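For clarity, chains are labelled A, B, C, D, E and F in written order, and residue numbers in each chain start from 1.
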Amino acid sequence: MRILVANVNTTVSMTDAIAESARGVASPGTEIVGITPRFGADSCEGNFESYLAAIAVMDAITSYPDPFDAVIQAGYGEHGREGLQELLDVPVVDITEAAASTAMYLGHKYSVVTTLDRTVPLIEDRLKLAGLDARCASVRASGLGVLELESDPDRAVEAIVRQAREAVENDHAEVICLGCGGMAELEEKVKAATGVPIVDGVRSAVTIAEGLVRMGLSTSKVRTYATPREKKVIGWPFQL
Amino acid sequence: MRILVANVNTTVSMTDAIAESARGVASPGTEIVGITPRFGADSCEGNFESYLAAIAVMDAITSYPDPFDAVIQAGYGEHGREGLQELLDVPVVDITEAAASTAMYLGHKYSVVTTLDRTVPLIEDRLKLAGLDARCASVRASGLGVLELESDPDRAVEAIVRQAREAVENDHAEVICLGCGGMAELEEKVKAATGVPIVDGVRSAVTIAEGLVRMGLSTSKVRTYATPREKKVIGWPFQL
Amino acid sequence: MRILVANVNTTVSMTDAIAESARGVASPGTEIVGITPRFGADSCEGNFESYLAAIAVMDAITSYPDPFDAVIQAGYGEHGREGLQELLDVPVVDITEAAASTAMYLGHKYSVVTTLDRTVPLIEDRLKLAGLDARCASVRASGLGVLELESDPDRAVEAIVRQAREAVENDHAEVICLGCGGMAELEEKVKAATGVPIVDGVRSAVTIAEGLVRMGLSTSKVRTYATPREKKVIGWPFQL
Amino acid sequence: MRILVANVNTTVSMTDAIAESARGVASPGTEIVGITPRFGADSCEGNFESYLAAIAVMDAITSYPDPFDAVIQAGYGEHGREGLQELLDVPVVDITEAAASTAMYLGHKYSVVTTLDRTVPLIEDRLKLAGLDARCASVRASGLGVLELESDPDRAVEAIVRQAREAVENDHAEVICLGCGGMAELEEKVKAATGVPIVDGVRSAVTIAEGLVRMGLSTSKVRTYATPREKKVIGWPFQL
Amino acid sequence: MRILVANVNTTVSMTDAIAESARGVASPGTEIVGITPRFGADSCEGNFESYLAAIAVMDAITSYPDPFDAVIQAGYGEHGREGLQELLDVPVVDITEAAASTAMYLGHKYSVVTTLDRTVPLIEDRLKLAGLDARCASVRASGLGVLELESDPDRAVEAIVRQAREAVENDHAEVICLGCGGMAELEEKVKAATGVPIVDGVRSAVTIAEGLVRMGLSTSKVRTYATPREKKVIGWPFQL
Amino acid sequence: MRILVANVNTTVSMTDAIAESARGVASPGTEIVGITPRFGADSCEGNFESYLAAIAVMDAITSYPDPFDAVIQAGYGEHGREGLQELLDVPVVDITEAAASTAMYLGHKYSVVTTLDRTVPLIEDRLKLAGLDARCASVRASGLGVLELESDPDRAVEAIVRQAREAVENDHAEVICLGCGGMAELEEKVKAATGVPIVDGVRSAVTIAEGLVRMGLSTSKVRTYATPREKKVIGWPFQL
């Protein structure tokens, strides 16, 4: 099966890293294709950039020329998953939700450690909408921007470990979700330093998407995610 | 003061009707400017169209050449308000929230009567995110599409009144919110038929926006709605 | 239009200050009338005093000899708004709710800074009943009694600023509501010291009440706030 | 021990019936004293009447000349319990809460059947504030006024049984609370007709109040229910 | 009346202490019978031990040879109460719930102070299921195991008082529940040290169980707690 | 990898059917081993039977002689998963939760259709504890007992389809979970009749368990699910 893994920002090296991480847990026979949007911010750290990414991901996915079996939206706390679900017949898995639902099998409460403080409310809101917030102990910010994760991985590990430890000690988290699409390679180091299970959203999403495909399940089309009605839409598909 | 009232779809006659309705409650000295997006669907009835509208409204508002004091996003249950709040220094009022917060001053519980059944979950989600859902008795669909409200107002009144009555009798609503930007002109008829206060989101938003401006209040910039960081954004502002 | 602004305590200088503050945001043509109850405590700082004030405000408002268009109950976290809604045909706006609904247009979460610690649960309860608590980050006490705000404004500013800062830094509030009817004059200083929007309940209530009147909206009479049934009521109206 | 059972309305025959019912479950050695307010409505069926009753009960209880060990506020869904708790050192038990906490020992979910539809929201609000609403399946109205329960008991039983049956069949209630101070004598007939446990608030409150006294427990005075501060209170105690 | 008080662990001295404490608040004429399970852990401090205790208590209670009027399950945060309710016709009272419902009559919020940190989530879960968590300020662990309470009471008091004080000062608890079946004898010392009401679950359960029996109330059999259907059950009753 | 799939009842044919269904979605290389408890009811339809099953499953799993990589508890709405998590180092997946978390990727709201009405509250409680209830539209009973599913599959399909349709039409479910371990073979027929995705808990659990194993994740041992402390446990392991 082929799974498209859509980065939400326009940084190609990040797409590559995400896809590589996804391949690490994919089953034999699963092809992972990394998708980079044609437009948008080089990192998503707020609502404007996230809304732009929502449309850019829909643009990129619907432009993909070949068949595919599932889509992973690899942005943590980002807008747009519901739009993809309307446009596609294959399952769509958001990594924020994938990490949360995975973490809930591993401990009584989980926390998310993300990048900047300003993205915390976006993640909280996505978890609330997804109905996956009841066992979320906290969403904590490491204070590092998305691109700093790549440029200074040692500092990233240190900052994330600090927050992860506080989440375990003060917020009673028993599992930590890495709250950014590009954090997967830090997983081992954070696990070693904290002693609790560390969940990466992209990897979790791969296993969930594969499971849905294997079970022959896809998005319900009876109401919320029905295909858009036929109507006049100016400027779409985008001509850039 | 000048308030921009942004329609979320590309139907100009609807923009005009919304602006006209807004003017009906604006204070002397308040200029209402109707804004129509440059791209997007001629009616918004789902997540894809709503996400596209979110960006289209941001595009239209940030392209507006003159100063303004507040923005009203005149789409019911639509995405995007948070992005506008980041991009602007003036207050932004979403009509879904304006109708709800107004209704809560008028009765113990309120219901929303909207257009198509598929838009009900969008409205429920926006109210949940806004934290204005605790006293929402129900969100009900009339079964009519957005553009049918304009083309067949008599049928629209009949369908809305039917749902409003059920909301009052079965769901214990004491106030009804008209759940679409283009329903304001139906207000009087629905009120006469149901005997409960009928709240229009656009009109409510005008009074709230004026109040915020008069009090010198605008969006907090300390965290969630801080101005986007300087970064590379491909394709923005949009070149269509 | 004429708006009655009812102080909940019997301190006339406080009524005057509240009315003066209300006038500062009232539209041209709006007459603000300050109302002082005939009985009750000189400051309301608990349930007994608040219940007494509830009846005293109803007594004072229903004794007012001239017509009026709206009533503001200018006590933070006090009982009684529902009774006024039953007795009157004009809109009634409680300042606890007005501050909260206003703050929710300005930031992702808000906090309230009030007077004594013992009044915190009253405010929390009113926000819970009003369904406006989901985005309330915290209710914090400055430790100063109601009348100390007037008698020692410098100390009041200092104490409120300290709690406001903690609310922003620790509780993630992005907006601060001043949790007492008599705090309006402190607004500017608290704003300067914290850098976040400061919301005053009385001023907010004036804009909301004006908006309701302008839209021709008033309390729904179909159920909860229906006019009391005809019955024998001993001792009412009060003969003091 | 002596327990004061305060009727919330001024109908003495109802006070007598309530006290008589309370005596039916009181332990040997417990003296039940029925208290009728000096002012207020002859039946409480709404917020205005309930707020007046709140003060009238405080007036009556604080005027009681002899020592007592506990107070029961025998109004269903009424205001005022928190004020009594501040004014007194002995335990105060509200029958709305007593019925709910008792019902929760008997079934997975309970419903309340009360008098008029307009009192339903008052009961819902008291249960929400008390944090006893999570297992409340519904609050239903029989459509009979408080005084009609006394004047036409057969019709009362019939109306209450009808709602109780619907609560069991449609709302999945497993226990029914009689939602009015004056319904205790209907208990047996409603039980016979529905086959589920029927809980009376006054009787429940007697057993709870006795238990608290026996355990030497009373209201915590550290914060919410601390004794009111010394201050100037005009018109209290009431001179009628 | 006869009330069976079931210890959840197999330590007979603890059964004796629990029963003795129960007798301290029982009415004249109430016989308290302590029950020790035939199998299970000598202290319950986790889910495995608690599930085993659930079955062991059902085994012990259903093996009891004489008639009885009510059962108290004297384990804090333990599984099993629902099973007893199905198997018996008399009322069953869980001490976790008894302490919580009692505490809610005494203050605005309560906290629980229990033994080990690992038992905190069990208590939180039981309170959530019981719908008695809305006013729970916190569940705190003293860090002492169940059997250490008996072996080193001075250290137990000190550790519990420390957590109780933090609950009052930081979590705004106004009442403390002793979160273990065997803590009753510490009650007086903890009360003296903290100044707030201290609630013991076993004592509370005795007063509640007596009240239910006196009112002639028992578990509803219409749905959740109906008697188990006739069927083939291997290995039950247990042959040990 | 080897996954143990534990039936909660003692009906071997049902264990076989469950295991067979599990094999249908297992990856190549995954061995599914069906486990039947040594004691307990031949069908679990209530709390007593479920608590007994909880211990019986722990008994059976800890008696399994060979290594294994994950455990699936194949009972819908049953007790015990937390105990297994304490006793084991490999991941444990409960099918109630697996079905729910899978359904949440497929539609805005899901419903569960189970067997007898009396098991509905058990399922509701497990979903609430798991924090997976926010998007659960309803739990509905087909009215058929667990063993009737096997003995009369046509009637089972008819009864389940009826409830599934009502869930979609009245409760706004967009996905249906089959609320019993033994319903998997009905999946296709229910899907054909309703047009919405049908989720089977056992199959979902297989994909989730495989995913956890592939990612190297297992239960956090830092708090709630830590290995039981060393202590004296009478009668365990069970000698039957």
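Operating definition for what follows: a contact is a pair of C-beta atoms (placed from the backbone, for glycine too) under 8 Å apart; a residue touches a chain by one contact, two chains touch by 3 or more.
Everything numeric in this text was worked out from a predicted model, so none of it was measured.
The best fit of Cα atoms from chain C onto chain D calls for a rotation angle of 180°, in steps of 5.
Where chain E touches chain F, the two copies mostly use the same residue numbers: shared numbers make up over half of all numbers in play. Mean C-alpha position of chain D lies 28 Å from that of chain E.
Put simply, the C-alpha centre of chain D and that of chain F have 43 angstrom between them. Across the assembly, chain F contributes 108, 121, 172, 223-225 as residues in contact with two or more other chains. If you check the complex, the residues on chain C that touch chain D are 10, 38-43, 45-52, 54-56, 58, 79-80, 82-83, 85-87, 117-118, 120-122, 125, 128-129, 145, 223-226, 228-229, 231-236, 239-240. Contact residues on chain F toward chain A in their complex (touch as defined above): 25, 27, 91-93, 97, 101-102, 104-108, 130-135, 168, 172, 174-175, 195-197, 199-200, 203-204, 207-208, 210-212, 214-215, 217-220, 222-225.
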